[in-house]
Structure formats: structure tokens, C-alpha cells
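Here's a structure for you.
Per-chain numbering from 1; labels A, B and C assigned in written order.
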Amino acid sequence: MNPWEIIWRARGAFLDGFLDTLAIFLLAALLAFALGCLLVYGLEGRTGPTRRALRGFIDVMRMLPFLVLVYLLYYGLPQLGVRLPAWSAGMIALVLYHGAYFAEILRGGRTMLPAGQIEAAQAHGFAPGKAFRRLVLPQLLIRTRPLLGNQLILALKDTAFLGIITVQELTAAANSVQSSHFVPMEAFLMVILLYWLISIGIELLIKWSARFGAKRGFEHV
Amino acid sequence: MSELPVVSIRRLCKSFDGVEVLRDIDLEVKRGEVVSVLGSSGSGKSTLLRCINWLEEPDRGSIHIGGVRMGVDERNGRPLSARRLASIRARTGMVFQGFNLWPHLTVLQNVTEAPVHVRGLGKEEARRRAVELLEKVGMAHKRDSYPFSLSGGQKQRVAIARVLAMEPEVVLFDEPTSALDPERVGEVLAVMKQMSAEGHTMILVTHEMDFARAVSDQVVFLEKGRIIERAAPGKFFTDPDSERVRRFLELSD
Amino acid sequence: MNGQAWLLLLDGAWVTVWISAVAIGLGVVLGLLVALLRMARIPFLEQLLILYTSLARATPLVTLVLFVFLAAPGWGLNLSREAAAILALTANTAAFNAEIWRGAFLGFSRDQRESALACGMTPWLLFRRIMLPQMLAGSLPGLVNEMTFLIKGSPAIAVIGLVDLSRVSNRIGAVTYEPLPPILAAALIYMAILGVLVRLQALAERKAGRLAM
């Protein structure tokens, strides 16, 4: 049988893997992004132990391979009595890891924000939380849009590591199809194409969202 | 029985890196008064203004806004919580040299943002009032534009409308026209003049001598952190007591 | 965790480091090649390279490593695990490096190019003495950054059976029933390796900054 016919017959498995990966990615991206915003808010104008702790967390996440974090959560925690199912361990790892990266990106944008913006918010009586949510964060998002998009693609790719701890996702699906039917090249080409499609989707979304900044005069973003 | 002063500053002191920027400042501003704060660069005038809404924290002394202690809890001497500080700040307004409009919001949204999200005003009501204020400063036709498309003078007028939307007890002006092209200065001063005529309480730090002379009720001169002269504009600009002030006025001509 | 465990970890670290180093070296050079070829705008080749760059940057390392190792025999290539890992890592990192090099080329100020050409320099001389040194300095931070990403992605090579640092840490835990210490130790070793790179990156950024890029 033509290898591509085999792939077509196994399309159910590929579709399942694709949807699994998409689901993991979307949920993790959302939560990681929320965590990133929280972390940046936590760093806002704060000094002392809280800031050091948050800063330390972000720095550690940026110095660790993703898979090591996954191992820590999935294989390491049980020694402390915490047994996480694979999907949860993977999800938590994605959220913590990429949350830290999102925070670092937003923090970079934050340093570029003119001090006058905050002062105007304070002068009008905005409490810090509201000022951050309504006046600082929107500007950070507009300014760091391309970097955020980049990070989303990195998060998508990290979902493939989760197959190593037996989470159902696209690469694991390809591996299973190719090992049963001996079509390694075609199976993996198929999923490379599918990952590519998702990442093009992300890039299109990022390009489309450029209009928000452009309309408001944010150039070079 | 006389009313409480809107702003009451007593024995205010502030240092930066060991350098004394404000020494023992006493100042009272009554309702409806327009006070101009003049002085050469480095005299501390901006710092004084920024202490009033606690954008700078003084080292010693007290500031009261409408009788309420600013920045410090009167009962125990400790700093106010962020929320309490914000609520007192909401009673003041500040117009900045750099305008500081929020670039991701339209002109109209800039003016409604604080009333809706700090005061809790309804969106429709806030919008109605915002349009009124924008008409007053001559910017209603740009209500759906974004700040990046405006000239400096236009931005500053929007900034003034934004401040007025909160109905502050006192409006602080931190060199509002210093960053403007000369042709644009007039349109902003016109708005400020109208405000003084309407009885707003205003404290201005400015280099526009003619304007200060025309609208002020009181002029205060800062030199190296101290008030060395305070007088009505008539006396201040024609016959000041201090030699230093004389020299300053000569140089400014 | 006893001495033997540490030795195993160091063995694994060595596998990680040497395979990564080869891939990094090849990837930087290959990336430069790809960037230069793209700038040459040869009709069919340009499209091919754009496709390659786009695909390679969107493909997870795990997927790519598996793909190369399992599909290679079908292409008539008998690759060892190490070779397959190096090939996959290189293909991945070269695509990112190509973009970094390209960014450095495109960002090269027109004024410099025009003033050099105006005083009689040939395009080759311009490239060799003026563009290349600055592009090297300007690309350096991005290239070093990509190196850290390669090392952070290197655990992917374990899926084809290479006993790298991450896999070793797992194995030790499986034997001692105390999985946490070896994983933590591996984490520390990775952080040490990356720490060296991060320091290099800071140096690179300072150098690029001094050239006012």
C-alpha cells in the first residue's frame, strides 16, 4: 500500500493528536499568559523579599530546560508525596515555564513605558491595581506583540515534550502510527505539516492584531 | 467663619541625595485662588507641586487637601494605604509638561476613563460630561482620535479636560506650556484663563510671566528651596522686595 | 546521592555538551550560509530556503529528532543516534540562526554602505571590512541566545535513546527510588552550563552596545 494511503487511513489518530495538542496548547497559553501578567504586576514598583522571590522564579525558569521541569513535577514530586497525573504535570510545567517567559517579555516592555504614564494614572486617583490593568497592561501588550507571538510558538513546540511522559499529543500519535505501519517519513512529515499550520495560524493572528497598535500610532511594533 | 484652605502646606522639607530641595515651605491656597509658583531651574518648584499630590514624598512637614492630611495617616503617622492615597489624589488634578495622555485610548476615552473607573460614574453620564468638557476646551471634534495624531497644544487641552472631568478641588499645573511650540502656547493659556475665571483653585508652576501676572491672585517665588517672596501680582511684578526677584524679573524680560 | 550517581550525571552532561556544541558550531555556519544564499535571491533556491526556515522553526525538536532518526534509513542513510541527533539539532538551530544573520544584514545602515561605496570601495571590500565585522558583533547576542535555546531543547535527543543528562537523571531515580535528588542535580548542572552561556551573552551584548548597534 502507498504510504500516504496508510496515513489517510490513520487520519483519525492524527486528528486526535492534533486536537489534543491544540487543546493543551490553548489552555496552557491562556494560563501562562495570565501568570505572566500577574508576575509583572507583582514586580511592579516592589522591593524586598516578594520581588526577589518573583525575580528568582523567573530567572530559574529561564535557565532550565523545559523537560527537566516536567521531570521535576512528574517524577520528582511523588518523592514528596505529591502524585500528579501526566496531563496535569505537563500543563503545570507549561504554565509555570512559559508564564515566566511571558513575564520577562512584558517586563522588557514595561521598562520602555514613560514614567509620565503612571504618574498621570496616579494623579487621577487610580489605585495601583486598576492603573496596571487598564492603563499599563494594554500598552505593554501592544508594544510586545511580536515577542508574545514568538513565545506562543515556543509553547506550542514544548507540548511535544509531553509525549515523553505519556501525554496524548500529536508527536506521540505520529510515533505510534509510524511504529505500527512502518511509515516513519510520511507520518512525521504529516505532523510537521500540522505543527506548521498551527504556527502559521498564530503568526497570522499576531499580524492581524498589529492593527490595534497601528491605529493608535504605535509604530515599529 | 472662614472656610478651610483647599491646600495647606506646613514646614515642608524634602532632600534628594542629601541635597535640600525644599526647606520649611509654608503655603496656603484658598478656594478659588490662583497661585503661581516662580523661580529659576532647580529652585524646587516642580518638587513642591509634586509633593502636593504625593508623587514625591516630603521628608518632613505636612500637606492637607481640604482639611485631609495627604500621604500620611493622621491617626498613627504611618503612610497611607495605596487605596486611601488614591482616593485623596482623586480630589486633586495635575496637568503635566509632557501631557501624558494614555495613547491606547481615544481622546474621549481618556476623559471618561478616570470618572468611570475611579469615581464609578456611569458610562453614559461620563461620556456626556466628557463631551461638554471637550467642547469647552475646543477639542470635541477630535473625540474619536488617538493622542498620537494630535499636536502638543491639542494634547494639553485634552489633558486639561481629562483633569476637569474628575471635578478636582485644586488643579496643579507643572509647566504646562514648556513643551509646546510658541504658536500653541496661546490656545492652552486661553483655556487656563477661562478656568481661573470660572473660579477653579489652581496652582501653577510656569515660565509664562505675563500669564502669571494676568491670572494670579498670589505669586510665590522659590529660591534654593525657600519661599523668598510672596505677594499679589501687582506688587510682585512691579515692586518686589527681594533683590533676587528683581534680577530674576529683569532677566526674564 | 552517591559518587557513582554523580559520575553518571557527568557522563550524561558530557553527552549533552558535546552533541550540543557540534550542533551549535555547525548551526551557526549553516545559518550564515542560508542567510547569504537567501540574500543572493536565486529564484528557486530562495523559495526553498524560505520554506525550510519556516518549517524548521515551527517543528518541535522532539518531532524533528524522531523524524530524522526514523526516516533516515528510508533515505538510504545509516545514521548513528548521535549523528541523527546532531543533524536534527543543526537543522533546527540553523533556521533560527539564518533569521538572526538576516536581521543583522537587513539592519545594516544604509548610510554606512553608501559612504563606503562613495569613497570607492568595491562591494566585496565593503562586505569584508565594514559589514561583516559589525554584523558579527550585532548578531552575537541573538546567536548566543539561540545557543541557550538549543541546550534547553537538547533533552529531546533522549527520545532516540541517547543517554544525555536528562535521561541519566531519570535512570538514577528509577534505580534508587529517590527520583528527586538526581533530577535536581541535573537541573543544577544545566543551569551551570547555561549560566556560562548567559554570561557570554551579556558580554556579547555589551560588545554590540559599544559598537552602538
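The criterion applied here is as follows: a residue touches a chain if its C-beta (ideal position, glycine included) is under 8 Å from a C-beta of that chain, and two chains touch if they have at least 3 such contacts.
Given the structure is predicted, the values throughout are model-derived calculations rather than measurements.
Asks: Which word fits the touch map of the chains here: line, ring, star, complete or other?
Replies: Topology of the interface graph: linear, an open chain of contacts.
Asks: When you take the mean of every protein CA atom shown, which chain's own CA mean is nearest to it?
Replies: Answer by centroid distance: A.
Asks: What whole-Å value do you get for the distance between chain A and chain B if each is reduced to the mean of its CA atoms?
Replies: Their C-alpha centroids are separated by 45 Å.
Asks: Quick one: report the Å distance separating chain A from chain C, using the average Cα coordinate of each chain.
Replies: Computed from C-alpha means, the inter-chain centre distance equals 21 Å.
Asks: Calculate how many whole Å lie between the centre of chain B and the centre of chain C, each centre taken as the average of the chain's C-alpha atoms.
Replies: So the centre of chain B lies 55 Å away from the centre of chain C.
Asks: Two or more other chains in contact with one residue: find those residues in chain A.
Replies: Residues of chain A touching two or more partner chains: there are none.
Asks: Can you check the complex and tell me which residues of chain A touch chain C?
Replies: Checking each residue of chain A against chain C gives 60, 63-68, 71-72, 75-80, 153, 156-161, 163-164, 170-171, 174-175, 178, 184-185, 188-189, 191-192, 195-196, 198-200.
Asks: Note which residues of chain C are touching chain A in the complex, please.
Replies: By the definition above, chain C touches chain A via 54-55, 57-64, 66-67, 70-71, 74-75, 151-156, 158-159, 166, 169-170, 173, 178-180, 183-184, 186-187, 190-191, 194-195, 198.
Asks: Would you mind writing out the residues of chain A in touch with chain B in their complex?
Replies: 114, 116-117, 119-128, 130, 134-135, 138-139, 142, 212, 215-218
Asks: Under the touch definition given earlier, write down the residues of chain B that touch chain A in their complex.
Replies: Residue positions touching the partner: 53, 55, 82-83, 86-94, 96, 98-104, 113-114, 117-118, 146-149, 162-163, 166.
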